[in-house]
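The same chain A turns up in both complexes below, where it pairs with chain B and then with chain C.
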Partner chain A sequence: MKIDRRWIYLAIGIVVFIPMLVYLGFPIRVTKEVRSVYERIDSLPPGTVVMVPMEYDPATMAELQPLAYAVLRHCFSKDLKVITTSLQIEGVTIIKEDLEMIAAEYGKKYGIDYVFLGYKPYPGIVILNMGENFRKPFPRDYYGNELDSLPMMKGVYNYSSCALILNINATSGVDYWINYANGRYKAPLAIGVTGVMVSDYYTFLSSGQIFGLIGGLKGAAEYEKLINHVDLACRAMDVQSIAHSVIVLFIVIGNIAFFATKKRKKSI
Partner chain B sequence: MKRELPLMIVLIFGTFMAFQYFVPHRISSDLYQEFNNWTIIIGIFAMVVGIGSLISLHYNRIKFKKPGWGYSTVTIVCLIGMMSIGLIGGTENDLFLKLYRHGLAPVTSTMFSLLAFFIASAAYRAFRARTILATLLLLAAVVVMLGRVPIGEILTGWLPRPLQFSEISNFLLYVPNTAAKRAIFIGVGLGVAAMSLKIILGIERTWLGGEGRK
Partner chain C sequence: MESPDLGIVLWYTFAAFLTLSIFSFLYKDNPFYRLAEHIVVGISAGYWIAILYHTSLQDLWIEPLTKNVLVLFTPGGPFLLECSRVLINIIPGVMGLLMFSRFFPGISWLSRWPIAFYLAITAGVNLPLYLQSFTVRQMQATMIPLEGSTWKIFCDVTIIVGTICGLAYFYFSKKHKGVLGGMAKLGIWILMIGFGSTFGYTVMSRISLLIGRFRFLIDWFNLVVNYIKA
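For the complex of A and B:
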């Protein structure tokens, strides 16, 4: 049985569109790899410096932006101090705006509660250099301020000044964070990646190189549930649930048709 | 000399970068920092070469009216336009940000979101239980697809925990997936180490291009 692919496109279009209008609130079970990130951040005392480098662009924004919002909300609600970079050029503007928006929600002040270092080319080299001193690759922040002029950066030199790094990344650049920030500088690292990337990183989770793994929208929805702030990810999980079910339904129909055709051919 | 000099540079710097990791001394660390800075500078030159090559390729397509030359015109206009606006007004200027927000961002988001439709269509056509291996792949795909979303919880939440889709999906990701990935990563790691050694020692010379052939 051959279904014109346009029917499949139409079905997916409909099942993506309708749950966007009505929130169904499907149950979300929190996995241990997401909970470990939440618990680690939650246990930090106010004033602790954490690093949340974010590397996503408009293409992957739908998956990782909800996660960035949830993590930043958690950090700011705990009065943690956040250092952010964006080592992917296409996403710098979005990430700067996301950071400013969530910081404003909690009344946080730039340079005191959070710092945005911005972009520098060649992520591998930048990550290595930050391991020595943030001032090497970023003598100035994104806005052109000298790092030493920012109150938050006093006494903050490199990864060892940060309680943890949570890298939200849609690129293979996440490997540099694992290899260099954790491998070379032993920084406690967790990662948040897109759904298609997540299966690549379970191996680093079980080896202990990363202490947490937040995968795609599902991970973001789990994090939203943990911080008790239902937002984009939880709503999008309804869409993803129904879309996945429809894809499975199409697979089942395809297989039924396949076996029926096979049986008919045999009988002829 | 055209061949020996690059080989010598690779030997010296390759050996240094491999050994400095094990030398916890200030001089070693400072040199390492300096070489990292050089890498960024060399990389920026490579970017200039890349942009030059891109312009030359598309310019020739437009010049000889090759198929798709219209797209090449769009590429060059966008490249030069964005570069000029960014260089003149800075990356925080209004026009540059508007082009980013209302041009680049919707285009790239649209491209990526189209994937959902293609994946759905491809899944329908590709996942057929033709053989035992194909059936295993199909079952794993279905379990992970449903186990990673809340609908899996609704469908199988009433079953004993080890039989729930979310649990089976976690098992597949943690055990068979990790075992296979780790084997691949170790293989790749050893391959990279062997290849690096061959380049440092001058055994592998294809990176030198035509001049590298013995």
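For the complex of A and C:
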């Protein structure tokens, strides 16, 4: 039995497209590793500085952008001060726009409530230098302002000035944050990564090097549920559930066909 | 309803055309797919250069160098101190320029200097930290006291047994027979469960990307309809 794989592409396309038109609201269970990030941020008093470095690009924004929105909404609703960097070159302008958009939703002002440091090459070296002083790798922010001219940055020098770091990352650059920001400077670190990367980073959760792990669109949906703001991720999880069911069905049919063909060949 | 700007509609339409061109590869290779692929590569290279110049070369090299050179030639300043500052700016610049020597076969060996410098620094910084973060801390995480609820003990035992058996599978100095063979067999089962979990997450990841593109196409369609209606 042979099926042209393009039929499978078409079937997946249809089962992804049609559920996007309606919101079904399938239940989403919040996991411990996502809740710990939410609770840690939620417990911070207003005015606390947190660092949310975001590293995703057009290829991975579908997965991590909803998470970035949810986390920024949580931080701004709690009146926390947010420092952001983007150490992945393709994502700099996307992240700038995302940050500006969510900040505008909460009426936050640049330089007072949030700062975008932008991009510098060689993430490892930049992360190491930020542990000494943000001004070393970033003498100016993304917009060309000197860091000392921004009210929010007064008295904010390095990771020790931040209550936590939540790195939203689609690259292996997350290793640098674990190795340098947590390993060398002992900064409390949580990570939000793409689905492909999640299983690699559970080991760092059990070793205590990160205090939370938010995985892919599912993690973003859990976070949206926690902040009570149904948006892109929660809606997308309906589609995921239906598409996954169809993929499981294909795997079962494929295996039945495989074993049936094998049996027939043997009998011949 | 406010009419969308024609410029935005055109850019969205171009982006939608590129998305559909990439999707067309699912049917078979074709000139539209290749066009989209080449545009991505070309634009990425140009974008990299522009961002690198504005956020790095200008900020971290040209501006400090210009400032320090100007101070150096201002009479009355501490000459030696200023000289050292200029040198600190010049040395990395020269090192960077040496990378371009690869284009000239006669002096291409010079490009090894900055590479050697970078490798030495990276190795020096990373060796102790990598060992600590990616080996020692991971080993520590498997040295856990077996206490607490039955479920917690079961999970901890799974981690310990899983780690030991997984390592046993990669032990090739002895034939996989007897106890070692059994451990290796269990190890491969544990590895397979791990791969299965990664594969499951990968499927979710890829479907997420498809959702993202479909969402963009729906937005584009709505934008065009609104523009036509307005």
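Quick note on the criterion: the second predicted complex is superposed on the first by the 268 of 268 C-alpha atoms of A that agree within 3 Å, B and C clash if a C-alpha of one lies under 4 Å from a C-alpha of the other, contacts with A are read in each partner's own complex, and residues count from 1 in each chain.
The rule is short, and it goes like this: contacts are C-beta pairs under 8 Å (C-beta built on N, C-alpha and C of every residue); 3 or more make two chains touch, one makes a residue touch a chain.
Being a predicted model, the structure only gives us computed values, none of them experimental.
Touch criterion met: A:R140 reaches chain C, while chain B stays clear of it. In the superposition on chain A, A:S241 makes contact with chain B only, while chain C stays out of contact range. In the superposed model, A:Y38 makes contact with neither chain B nor chain C. When the shared chain is aligned, chain C comes close enough to touch A:Y180, but chain B does not. Applying the stated contact rule after C-alpha superposition, one finds that A:G208 touches chain C and leaves chain B untouched.
Touch criterion not met for A:Y114: it reaches neither chain B nor chain C. Once the two complexes are laid over each other on the shared chain, residue contacts for A:M20 go to chain C alone; chain B is not touched. In the superposed pair of complexes, A:L232 makes contact with chain C only, with no contact to chain B. Of the two partner chains, chain B is the only one that A:G254 touches; chain C does not reach it. Taken together, the two structures place residues 9, 12-13, 16, 59-62, 90, 92, 120-121, 128, 184, 195, 198-200, 203, 206, 215, 218, 240, 243-244, 247 of chain A in contact with chain B in one case and with chain C in the other.
If you check the complex, the residues on chain A that touch chain B are 3, 5, 8-9, 11-13, 16, 26-29, 31, 57-62, 90, 92-94, 120-122, 125, 128-129, 132, 136, 184, 195, 198-200, 202-203, 206, 215, 218, 237-238, 240-248, 250-251, 253-255, 258-259. Contacts from chain B toward chain A in the complex involve residues 21, 29, 33, 36-37, 39-40, 43-44, 47, 91, 97, 100-101, 104-106, 108-109, 111-113, 116-117, 119-121, 123-125, 127-130, 138, 141-142, 145-146, 148-151, 153-154, 157, 166, 170, 173-174, 177-178, 181-182, 185.
Note for the complex: chain A touches chain C at residues 6, 9, 12-13, 16-17, 20, 59-63, 89-90, 92, 118-121, 124, 128, 137, 139-140, 142, 175, 178-180, 182-184, 194-196, 198-200, 203, 206-209, 215-218, 232, 236, 239-240, 243-244, 247. Residues 26-27, 44, 47-48, 51-52, 55-56, 59-60, 63-64, 122, 125-126, 129-130, 132-134, 137-138, 140-141, 159, 194, 197-198, 201-205, 207-215, 218 of chain C are the ones touching chain A in the complex.
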